[in-house]
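See the structures that follow.
Same chain, two partners: chain A is paired with chain B first, then with chain C.
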Partner chain A sequence: MAHATLTPTSEVKAPGPARRSRRHRGESLTKVLFVLPAALAMLALFGYPVVKNLLMSLQDYGLRTFFTGQAPWVGLQNYTAVVKDKLFSDAMVNTALFTIGSIVFQFAIGLGLALFFHRRFPLSGVLRSLLLLPWLLPLIVSSATWRSILEQDSGILNRTLMGLHLVDDPVPWLNSPSVALIAVIGVNIWIGIPFNVTLLYSGLAEIPDELYEAGQLDGATGWRSFWYITWPNLRAVASVLLMLGVVYTIKVLDIILGLTGGGPANATQTLATQSYEKSFIDFKFGQGAALSNILIAISFLFAIFYLRSTRRAIDE
Partner chain B sequence: MISKRIAAGLAGATALSLVLAACGDNGGGSSSSSGTTVSSLSVLDYYNNDPDKSLVQKGLDSCASQLGITIKRETVPGDTLIQKVLQQASSKTLPDVLMLDNPDVQQIAATGALAPLNDMGLNGDGVIKGMVDATSYDGKLYGLAPVTNTIALFYNKDMLAEAGVQPPKTWDELKAAAKKLTKPGRYGMAFNANATYEGSWQFLPAMWTNGGDETDLTSPQVAEALQLWVDLVKSGSASKSVINWTQGDVNDQFIAGKAAMMVNGPWQIPSLNKNPKVKWDVVQFPVNKVGQTPVAPLGGEAWTVPLNKDQAKQQKAADFVKCLNSDENELAWAKARFTLPTKTALLDQYVTEVPSMKAFGEQVVNARARTGKLGDKWPEAAKVIYQAIQLALTGKASAQDAFKQASGG
Partner chain C sequence: MTDSTIRRAVYTVIGVLILAVMLFPVYWMVNASLQPSGNTLTAGFLPLHPTFAGYKRALSEQGDNLVTSMIIAAGTVVLSLAIATPCAYALSQFRSRWVSVGLLAILISQMIPGIVIANALYTAYERIGLLNSIPGLIVANCSSGIPFAILILRSFMLSLPPSLVEAARVDGAGLFRAFVAIVLPISKNSLITAGLFSFLFSWSDFLFALTLTTKGGVRPVTLGIYQYLGTQVQNWNAVMATAVLSAIPAIVLLVAAQKYIAAGAIGGAVK
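Moving on, here comes the complex of A and B:
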């Protein structure tokens, strides 16, 4: 519209559209220039690794490749090899158990603590910031610490449990294939709680007090106020949190490597540890890349699922 | 397929003739291609902690001054060395002299990255056969290790004396002794059975001594060896935690008095000596049946020369490796670092001078290299070994079935 009013009527013949498009071009050029730095950064830091990883998963990329530069194409052989591997199904199940177990408890405990800290009480601020500690520790440090806590003979956890006569024999936390996964999930829950508390607490702070006051007038107290006021208002935060939780948890590597190294007897192998092992212990980088692509695909599914659900929420 | 091979062969032949031609040229005018004298060499190794770091530096410095050069040394942590080598290989920045753990030499040599040392005036004469096996590939020598090590049985002298137990010579004696030495808060025996190559390495004395072989892991001899580990853990003479322990953890248990005997190597001696309260000694690994010879794996690092376009530099690097493997340096490093010289002729002299290394000196003569039989296929066998150990010690498989299961059968 602005162009039309500025353009004298005598010049309507032909130059109008030309000039308009030139201006248009200038405008779109600026737009492109604004996007360009971000796009370049995305390409270099995100696009290149993903593409390179995809290519690697289709190549016989091994120790020799680094010296000769030769990585022959093998099509989908790497994918069939990793899927046929006897550990693949175990790793899939363990990844699912690890992810679901971690997220359910992280979220539940995180929500409980967030609600607890939401009713301000003396020292609640200090306590809440202390709760962040697990998050601030380097993962290698926390896994080494937990490894000594969970040690079967002299670990402090077994000593305490036996001192309190809660168990008769020391629990083989990291030494038994049937217990190790539970122990590893437990440690991961401990690490994930601060993140959940922080986000859920800020979500709770966003809910206006008037809603609760109004609800109280209508008799919504206790559980009912949580179910009809808190939860619906927290849903957006919760869905972001769960989505991020899945993406973060599914690829956890350092905690498992630090605690059990995937053992005992492969009881804590996940897709991530398998991918690491294929690449950096067996030097079969092609197969390692294939496994990590499967991981990326699974995370991607969750991302799409999340995007669709939020879009529906916006449409509503 | 065939035509490809012929083509490769032809290419190889052409390359060879070019090299020969280059060599011929060199004879005529030595100043043509590599006239500038080599004044410095770059070195990469993984002795990144003292005292080893500075002790190795001494040997490197003395060889450098003998050759009239300076060295640029870089050290990285042990578990990152191969990754570093791979990075350098792909960016064509490998050092002039490269240290490699002996079981890795064949794998790296197989990629064609290393220069054969035979062509440059080096050989493995007089060196323990196992070490020459480890550092050779396709009949050519690619590295030389000045010093080596192995593992044997350490025991706490006070604890054995108190229990009235002699250092075990057979597996039965070992099991009986371990049981007798076990009491609340203390295990009779400690070893490393974790799911890494280190766990396989610690199992080899039992497996090899009993006549087991990595070329046939499903043999009864191998199963019997695994049964020994299982018996020790099942009877409570060794901690169930052995499946997570590293060799360092095992040593910590021993020093803390929580284990009366342990399988470990001489590199732990400096830390043992820091704790004078712990009175220890070493014997060879026990045998299953009387008449067997204890056979343990060879440890230690080899020095190699990556292929270099600069022929003069490559030759200088080979001379440097030769100097590191001189009798003088072998003895100096062995004495300072509680390792063993790799030349058999030096062993007797060494053991009289360092009596605490006596058992290791006996054990190393019959020791074998991990890559001696399978070459660059060894890592796959090693993986089957540690997975089988894990299956058996966690009760997921019997010692008889564990190897079949671990190898995917």
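Moving on, here comes the complex of A and C:
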């Protein structure tokens, strides 16, 4: 920007319209350059994959495509194929159970812990930040650790439960189709609690103490103060948290692959694991793309529903 | 001692107990990593006879993978911050109707599952030869690093007074010079926060490691753990030792950079 180095006197001399517009144009070009790399990166890393998946889901994009370079158009065949698949309804149900189960408990336990740590006692700050650890660990590390804890014959959980005579036989946590999903949801709850505590705690910290003091005069203590003061003031944070929870949980893949790989007997297959298997195990990229598009569509529908309901809440 | 000191001490005890329950799996990971080798997990609650055999084995089998993960994570931090920082500045300080468009795009990007990105990148990488490569994985991992870094950095830069940069501009510095000389140094804390998270995201990545590598050449440690788990687990102590080694960055960051971590968790989600 050569003109920027002109002496200050020429700046003061009220630049003519032509000069100002040239400076303005140079300026807007620089401004564009600030955003351009990120815009291109976002297009390449998100825009291109979404478009590519839409196209692939309409093509017979399989192993042969990688040799011949040909992917014939097949219309909606991939979608009908995956929806008709006998695993599809199971995967839908599992996805719903996994998402709802994870979020309800993460939120409830997170809220309880946030309220507890909000009481400010010696070491509360340190303890609260150490609580973040499960959330920061690589998911595959958590999966491996829980695999060892939940191991049927020699895992510490079953050994403890049997030692306390709470169960007579070892529970096949990850080996039985009837309990595996519960175990996987349990692990995901453990991973998500810290994030919920941190956000809800920050929401609690922003509620002014005067509100509680005023409430106390009106007899709002204990549960009543929670119901009439804390909860209404926490609703904004809570709704952001729940929406993020759904959007993030519905696409979880690492934990399930690490713990069960979708098994046993497909008991923990979700839309995300199914999409992975179609693409990278069966090399049916068209069908994998169709499944992941269904996943995105559900996520979007939920976000729109959420945005409309919060907007209505604000309007009221 | 007054009643309230006793009550606060009781709260501390309860808090420690809660933490003990929540962090038990982490303790168990360390405990199991110090047990003698074997395919059963007969470990007691304390590693009474600790052995480093698991670590020895982990380092010899997974040492290269740990280095690979380190290189990929460092590369992701550099690339993510280089791309995200100017954009975050623009989204916080420039007044334009495109700002809200940009923010909306970032929010929508959070809804896109990693498997969608993996699907598309696999087919693209296959054609341009980026499968099984470190640069390929760095670029893929930027998909989590860049949006998050933009959100974190922007939420900090919103509080920068525009007068700061304007003063430099009056002295004749261009927009870019002012950005480098003034905005970057003052944003040090938020750059550290964004960098730490980009590192952790990339270090923890499993999906891209799993899908964008097809043979053994480039193998991040997360994939190494997964392959340990895939076959019948033969040596739990080596698996858990690798898990501990992979958890070290998270633990170090949490202890050394506590305030940045909490700030990052909140800033990235709420703003």
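The criterion applied here is as follows: the second predicted complex is superposed on the first by the 271 of 316 C-alpha atoms of A that agree within 3 Å, B and C clash if a C-alpha of one lies under 4 Å from a C-alpha of the other, contacts with A are read in each partner's own complex, and residues count from 1 in each chain.
Quick note on the criterion: contacts are C-beta pairs under 8 Å (C-beta built on N, C-alpha and C of every residue); 3 or more make two chains touch, one makes a residue touch a chain.
Quick caveat: nothing in here was measured; it's all calculated off a predicted structure.
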item	value
Combined model on chain A: chain C and chain B, fit or clash	clash
First, second, both or neither for A:A297, with chain B first and chain C second	neither
Contacts of A:Q152 with chain B and chain C, given as first, second, both or neither	first
Which superposed partner A:A144 touches (first chain B, second chain C, both, neither)	second
First, second, both or neither for A:G263, with chain B first and chain C second	first
Touching partner for A:F66 - first (chain B), second (chain C), both, neither	both
Touched chain A residues, chain B compared with chain C	C
Contacts of A:F280 with chain B and chain C, given as first, second, both or neither	both
First, second, both or neither for A:A205, with chain B first and chain C second	neither
Segment of chain B that clashes with chain C, given the candidates 61-69, 79-87 or 151-159	79-87
Chain A positions touched by chain B in one structure and by chain C in the second	66, 147, 151, 153-154, 280
Chain B to chain A touching residues, read off their complex	83, 86-87, 89-90, 107-108, 110-113, 194-196, 239-241, 243-244, 258, 379, 383, 387, 390-391, 393-394, 396, 408
Interfacial residue positions of chain A with respect to chain B in the complex	63-69, 86, 147, 151-154, 172, 174-177, 260-267, 280-282
Parts of chain A lying in touch with chain C, wherever the complex brings them together	1, 4-6, 8, 27, 30-31, 33-35, 37-39, 41-42, 45-46, 48-50, 52-53, 56, 61, 66, 113, 116-117, 119, 121-124, 127, 129-149, 151, 153-156, 190, 193-195, 198-199, 202, 237, 240-241, 244, 247-248, 251, 253-254, 257-258, 272, 275-276, 279-280, 285, 288-289, 292-293, 295-296, 299-300, 303
Interface residues, chain C side, partner chain A - complex	8-9, 11-12, 14-16, 18-19, 22-23, 25-26, 28-29, 32, 40-43, 45, 82-84, 86-87, 89-91, 94, 96, 98, 102, 105-106, 108-124, 126, 139-140, 142-143, 146-147, 150, 169-170, 172-176, 179, 200, 203-204, 206-207, 210-211, 222, 225-226, 228-229, 233, 236, 239-240, 242-243, 246-247, 250-251, 253-254, 258, 261-262, 265-266, 269-270
